[in-house]
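One chain, chain A, links the two complexes that follow: it is found with chain B in the first and with chain C in the second.
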Partner chain A sequence: MNYQARLANTMATTAHTLLEVRGLRTQFQTGSGIVTAVDGVSFTIERGERVAVVGESGSGKSAMAMSILRLLAHPGKVVGGQVLLEGRDINALSESQLNKVRGRQVGTVFQDPMSSLDPVMRVSKQMVEPMMRNLGIKRDEARAEAIKWLGKVGIPEPERRIDAYPFEMSGGMRQRVMIAMALSSRPQLVIADEPTTALDVTIQAQIVEVLKNLTSEAGAAMLFITHDLGLVARFAHKVAVMYAGRIVEFGRVEDIFARPCHPYTQSLLGTIPGTTMGKHERLPQISGLPPDMRKPILGCAFKDRCAGVHERCHAEAPALSDRGIEHDAACWLPKGLDSVAMLAPERSARAVVESAGTDKVIVELNALRKQFSTSKRMVVNAVNGVNLRVHRGETLGIVGESGCGKSTVARLLLGLEKPTSGDIYISGLAQMVFQDPASSFNPKMTIGAIVEEPLVVKRQGNRTERSAKVRELIEQVGLDPSHADRYPHQLSGGQRQRVAVARALALDPSVVVADEPTSALDVSVRAQIINLLVDLKQELGIGFVFISHDLLTVRYISDRIAVMYLGEVVEYGAAEEIFANPKHPYTRALIEAVPVPDPAIEARRINVPLQGELPSPLNLPIGCAFASRCPMATDLCRSTKPQLPNHDRARQVACHHAT
Partner chain B sequence: MTEYAAKKFLQMLVTVLGIVTLVFFTLRLIPGDAASAMAGDTLSGEALERLREQLGLDAPLPLQYFGYLGDLLRGDLGETITTRIPIAELLFRALPITLSIALATIVLAVLISIPLGTLAAFMVHKGRRWLDNALTGAAMVIDLMPPFWTALVLLLVFSLGLGWFPASGQLNWNDPSSIMLRLALPVIVLSLSQVATLARITRTAVLDVLNEDYVRTARSLGWSELRVLFRHALKNAALPIATVVGLSFGNLLGGTVIVEFIFTIPGVGNLLITGINSRDYQLVQTLIVVYALVFVLINFTTDLVYRALDPRVQF
Partner chain C sequence: MADLSLSSVPAASASFREALGAPFRSGALFHGKVRIALLLLVPILLLTVFAPLLPIQKPLETNLRAMMELPSIQHPFGTDKMGRDILSRTLAGVQISMLVGASVAAIALVSGMVLGTLAGFYGGKVDRVIMTIVDIFLAFPSLLLAIGLVSVMGTGLIPVILAISLADVPRFIRLQRSQVLSLRSRAFIDAARTVDASQFWLMSRHIVPNTLAPMLVAASIAAANAILIEASLSFLGLGIMPPSPSLGNIVRDGQMYLEQAWWISTLPGVVILLITIGLHFLSDGVRELLDPRARR
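Let's look at the complex of A and B:
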């Protein structure tokens, strides 16, 4: 049975179907042309089912989700298709009729909790009034109900917190409020648009559990938009993979992860550094960029990046077709690519400096401390006694959640901040690659000038020597020398990050500090940058400090890992050992919290997320900083701070109870 | 809130002291003094000295300064040098007129510009730009017309030509309708440029807020567009608008001097012009302090309003 036929069939079985989207089309009329962000999307959601929509930025996944309730702002417009909610086409409704569906039948949770609540209105007001309207209850009743919901989503002291303003809450708390708001009117469907992307991994794990438990408790279905395949594996019953405005693959989570049939899905799954992947394997990467959505796409949208491309792909776009039970893919090849291994690029032929065995220390931090004073004469202990070493040709990964001090360590290393006490020894020069390549370049400078700048500052060479060096650097990071004359806005995010790497290498540094260098990039591009950094480390024999909250990437790229919590290193050791046998309860919780893109592993996991949030760095506890959240904490932990043992040891854990 | 107000009030007192000091010494820096300015070529030698003595100008500067401060604290604003009329008395008659003009202008401007700007923003947000374009065009034309020119044109057309508004005459507080007629043209002249500024600020502020995520959240809860516009968008946009209203109130005081002169209205502006023309240092000094005081008071009020509107404002 093909997809269309099955669509017709589902009409007969609407009793189970909650939402059916048919041929949804959404366009944005921009100054430079019409972008068809959603180009004929069809799928169904059964009652109580969790469907994840994955795709990279620009794939149209958010636009699609927002189109269901017509929540797009101008110039976005739903131009065609049907959205059948319990058989009624809500896309045909007037605004005022649709307002009776919004919030009442369909609740929505948005991505950024920091900006999604009205900053000048108390939480109580923002929650109670919609409930009074949607449930037809009185104010007191609605307030009591709201408090109940706040308690359910895990807000401590809900009776008191309900009258807080959003700015008095942390991001995680605000997202809980958003979820309580969305669920409190008892909707049948919850649309969640990247609800955990802005949150730290342990908070993400908590929020995901809350969403999962509360929706299944209420029997509500969920449409979950994400770019994180690990979350999909943890969370969803079904997945829709979107590319260039269309669903290219749809099916049950187990099927999609075990037997992906579309080359894009196959590549995406391959680009994530898995838990079982060996250190010396290269990450498969998807070359090229998504198509320009302003232009009509001839044939398959993925053809330019597809390893299995053939003639038919150029002429005709494949429609979704049957690949198994409830499994559809839009590809001419019945099983997609034979193997994704071929996507892993050949290692460049340049000489590889053998880095193993070098024990020359190039960076050494001794009892490093950094305090910031706030306006109210309080002291924030951002970095609280850190000892670390980086050897030549080694990558040190620093992981931890926001506020753990990892970025401050980077800034100290580069001399951008002066340490309060302790010392930093660097043999040679340290250079930096920043998180957001778009905002770390002067938009008025050409790529060539950006890469050349460090050389100019240090007065190295004359003009011809410098331009030869710039050319060499640009080629070294895998760009064409012709890029030197372009401006940053003419490059993609991945290309810009390559430029950032080239600039960091201009002065032949001995160590490069990369602070979240891949977090602003899409999955397919991320693999390209990771491969580049690995290559460079081996070719140049320089040291890397890789700072990230993305544990899977850190594990893949690092030789050694330091786990930071509240300004301190709580565990240090070889990357493989840390992951295979985490000793500190925080490391364990962190690894537990990371969703793995494998539904089988996720299903076996018992997800009891780490409770609570990071304590304020203003008044640090006397004992172990982690004691307030630690399941193993005893009186000893609360009264005596565990110390990292002598930092010459290969494996160090700061915990009284670690064995 | 009380603590915040008290803190802001203290700040205000410091500012006022600074202004008084600055005005006092700046005027003393000008070559020559009140006595020689008053006397011109008519007096010399001993007569001039006697005049100085009379005016208290022979005392050392610090003594004069503290004497002046003491007078101010007692509420004694002094007398005009030429006509020997207590300045407090002059202000008592002139200040209400000027403040009426300024207040009426602000109220009129706010009543017109905020709905207009909000509507323009709302329409732009929905993809319809004609009102916004019209508003921008009109604002540009208004900005190109200096107020003194607009004032003269309105005076020519509506007072001298059509005779709708009186161009001169006494202001009688017991006859409100006559006062309204008399002040209408000056208020309209001043409102024009205020409306142009405020409508644009409102438009931008509301449009910014309409693009905020929490507006989308409110829409996702099922609130109608109008409710979202008034309950969420306008409330948040009120913050930048309040700041600009406060600031433009200050600018308005400058504008009143011009219109009072053109429409011969016996307000503080005309008093200031008289003072300058007759080189009455005492009068000019006091009036500058009064203007500054009004300005500072407005800022103080803006701060309190801002704090009331935005719970996030900290000290």
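Let's look at the complex of A and C:
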């Protein structure tokens, strides 16, 4: 029986069904037309079940979640369908009835905890009053209960921290407060919209564990929206894959990951560099862009990007149909694509120069330090004695949590900041690819002018030579030369990042520094940019410094990796070696915190996330900087700082306990 | 299916506008507020420009046989106690108003952008010196400051323009500085710095073009204010001196005869009102066109 038919048969909600969504449609009335963000979505959530919704930005996953509680802001409107919570239609409730459902029956956790907490109200006030209302208890009881919940979500000293203001807490702490607030009224359903996207991997691992344990303890169901397939594997029971406002595949997490049946799901899973993938393999990528949601979509929405497209896809949109036990997909092909190889015909192994760089050193950092003084007495040690080398044709990956100083190293390398002490040697020129392609271009300049700017500033060539060079650069990064006349806002995020690469290459640099070049991009586009960077490195033989918190990408792209913690390099070595055999306890914790897109591996893992957060860089400890969070810390670690032995290319670990 | 046909309509009209070229693509002429502003300002401007061709008396010509006459075909705005034609005087006044508005806006725009950019871009001592002076000027209400300056510099067209500009420039410096501060930390400035672009290059290529739009909006508001302040100064006898007509001194002349001849003060007053409303609608419309968030 297919999914739609099964839905129709369960008109009388079964005892286990908590939430049932039928044919939900949501539209946004914008100046340039009506955007149908959610286009007929149907699914059910059983009691205590964790359902993940995955999709790219613009796929309608957040609009769908917001529609369930009618939390959409002005131009958005639910135009059709039913949302049945325990058999009660939410769309038929009045605003005041709905307010009783929100918060009491359904708790919500949003992406940005700073904007979801009231900045001028103490945490206690924000927690206690809703609890008094929702649970019908007195102020003292509610306060005691709130403290209990703050303790459960892992906030140290909850009795004291409950009277703090949100700005006195870190991002991870605020997100914990949000979770405590959502769970404190003992809801039956928790809707979490990208609750860990703004957080570091180690904090993300902690938050995910807290959410998982507490919801299963309270028997609450969960609707979890994310774009991170690794998290889904770690966390969810069932997965709904959304594309262009519709669910294209729905099923149990094991089935989706082991036997994906929709080409989109298959491609998404293929684009993530696995833990074992070698550099000679090119990442499969999804070409093209998602459809314009303002226009009516004829046939299957994915047809323009699908490798298995045929005539029927252009005429008719497939509905969800049965692919196994509780597994449905919306595709005319019974098993989707035959193999992921169909995704990229040119995927053939690239010719790898496996030498991983020559002996010529192009970048050398010696005892580099950078201090920022925030006031007369306070000094932040952003970079605290870093020695690194990059050889020609080599990619150095720098990983670490936010605040570890990796971006400051990049800025020092490019001369955007002056070092406090130590020296930087660069043979040739260093250029940069910035994180956010939206703000790294002057909006008033055309793409051609942006790429040409370095040549103009350096007075290279005359006008015709420069425009020829610009065309060549734009073609080199895989764009059409006609893009030169457009403005940045007319390009997609991925295209903009290609332009950023073209500009960085304009002056023939010897090293290109890329600071989180893919973190603002969608999964499907990310693979395109990573492939481009790897290809260019092979082709031009230049050095790369790749800074990211995405460990799987860093492993795939880098020859050598430096792990940074509080302004210091704690481990350095060849990428494969570091991942296969991490020696520093911090490196180990980082690698363990990364969710792997494979439910089987995730299920076998015993997740004991790294406790605590990054200490303040204002007053660094005398001993090992990591001692406060390290499970192996001894008195030696707290009193003596382990030094990084200064060998050139060998493996280096700054730990007393590393063997 | 109904929604499918609905959504295709705006898409089609959008491509239609795309084909018509820049002013139509941005929708400037279709914008409601801009249209109201143009309906108010364009006729007044045309009349002012073509005033010498109109079959009316010259502004300074007296006609003692037609003193304080009601509005008629011959004198559409009536005449004053010396038999001068009010319409003709009003149009000459508008000419002066427009001149004052335009020069004040231009002076404030240019000096505000130069000093504001320097203060915001260099920071430190430059910023502190410029901003201290700005703060001192900002402590006075602009009309009061203008009155004070005119009483020092004397009356007449040039002193009036200078006095009003001096009161407006600090506001422009402040606005420009705050824009520069937020642009200075944007990544495209860093991107240009990594290729060793000079500071002049950064300011002229990256900072100033991105601050222009809000400054132009501010300039059109400043023009409207300058027109009002000039009228106020002339009304108080501190601006344009009679017999040269200015909207302010025509209103002042008629004020004494308000009960016998209401038209002398009232009609030029209405013209001041229309011009100011027009300029404010224009700046509002331009602001909304330039800021996609204000459009709905």
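Simple rule for what comes next: the second predicted complex is superposed on the first by the 638 of 659 C-alpha atoms of A that agree within 3 Å, B and C clash if a C-alpha of one lies under 4 Å from a C-alpha of the other, contacts with A are read in each partner's own complex, and residues count from 1 in each chain.
Operating definition for what follows: a residue touches a chain if its C-beta (ideal position, glycine included) is under 8 Å from a C-beta of that chain, and two chains touch if they have at least 3 such contacts.
Here the structure is a predicted model, which means the values were calculated and not measured.
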{"item": "Combined model on chain A where chain B meets chain C, clash or fit", "value": "fit"}
{"item": "Superposition-derived angle with apex at the Cα centre of chain A and sides reaching chain B and chain C, degrees in steps of 10", "value": "30"}
{"item": "First, second, both or neither for A:Leu551, with chain B first and chain C second", "value": "neither"}
{"item": "Which of chain B and chain C A:Leu69 touches, first, second, both or neither", "value": "first"}
{"item": "Contacts of A:Lys100 with chain B and chain C, given as first, second, both or neither", "value": "first"}
{"item": "Which superposed partner A:Ser115 touches (first chain B, second chain C, both, neither)", "value": "first"}
{"item": "Which superposed partner A:Cys306 touches (first chain B, second chain C, both, neither)", "value": "neither"}
{"item": "Partner chain in contact with A:Gly415 - chain B first, chain C second, else both or neither", "value": "second"}
{"item": "Smallest distance from any CA atom of chain C to any CA atom of chain B, in Å, after fitting", "value": "5"}
{"item": "Residue numbers on chain C that touch chain A, as the complex places them", "value": "3-4, 6-8, 10-11, 14, 186-188, 190-198, 201, 205-206, 209-210, 295-296"}
{"item": "Residue ranges of chain B in contact with chain A within the complex", "value": "125-127, 210-214, 216-225, 232, 235-236, 239, 309-312"}
{"item": "Interface residues, chain A side, partner chain C - complex", "value": "27, 31-34, 36, 79, 294-296, 411, 414-416, 430-432, 434-436, 439-445, 453-454, 457-458, 503, 507"}
{"item": "Residues of chain A that touch chain B when the two form their complex", "value": "69, 71, 73-75, 95-96, 99-104, 107-108, 110, 112, 115-121, 130, 133-134, 165, 167, 178, 181-182, 185"}
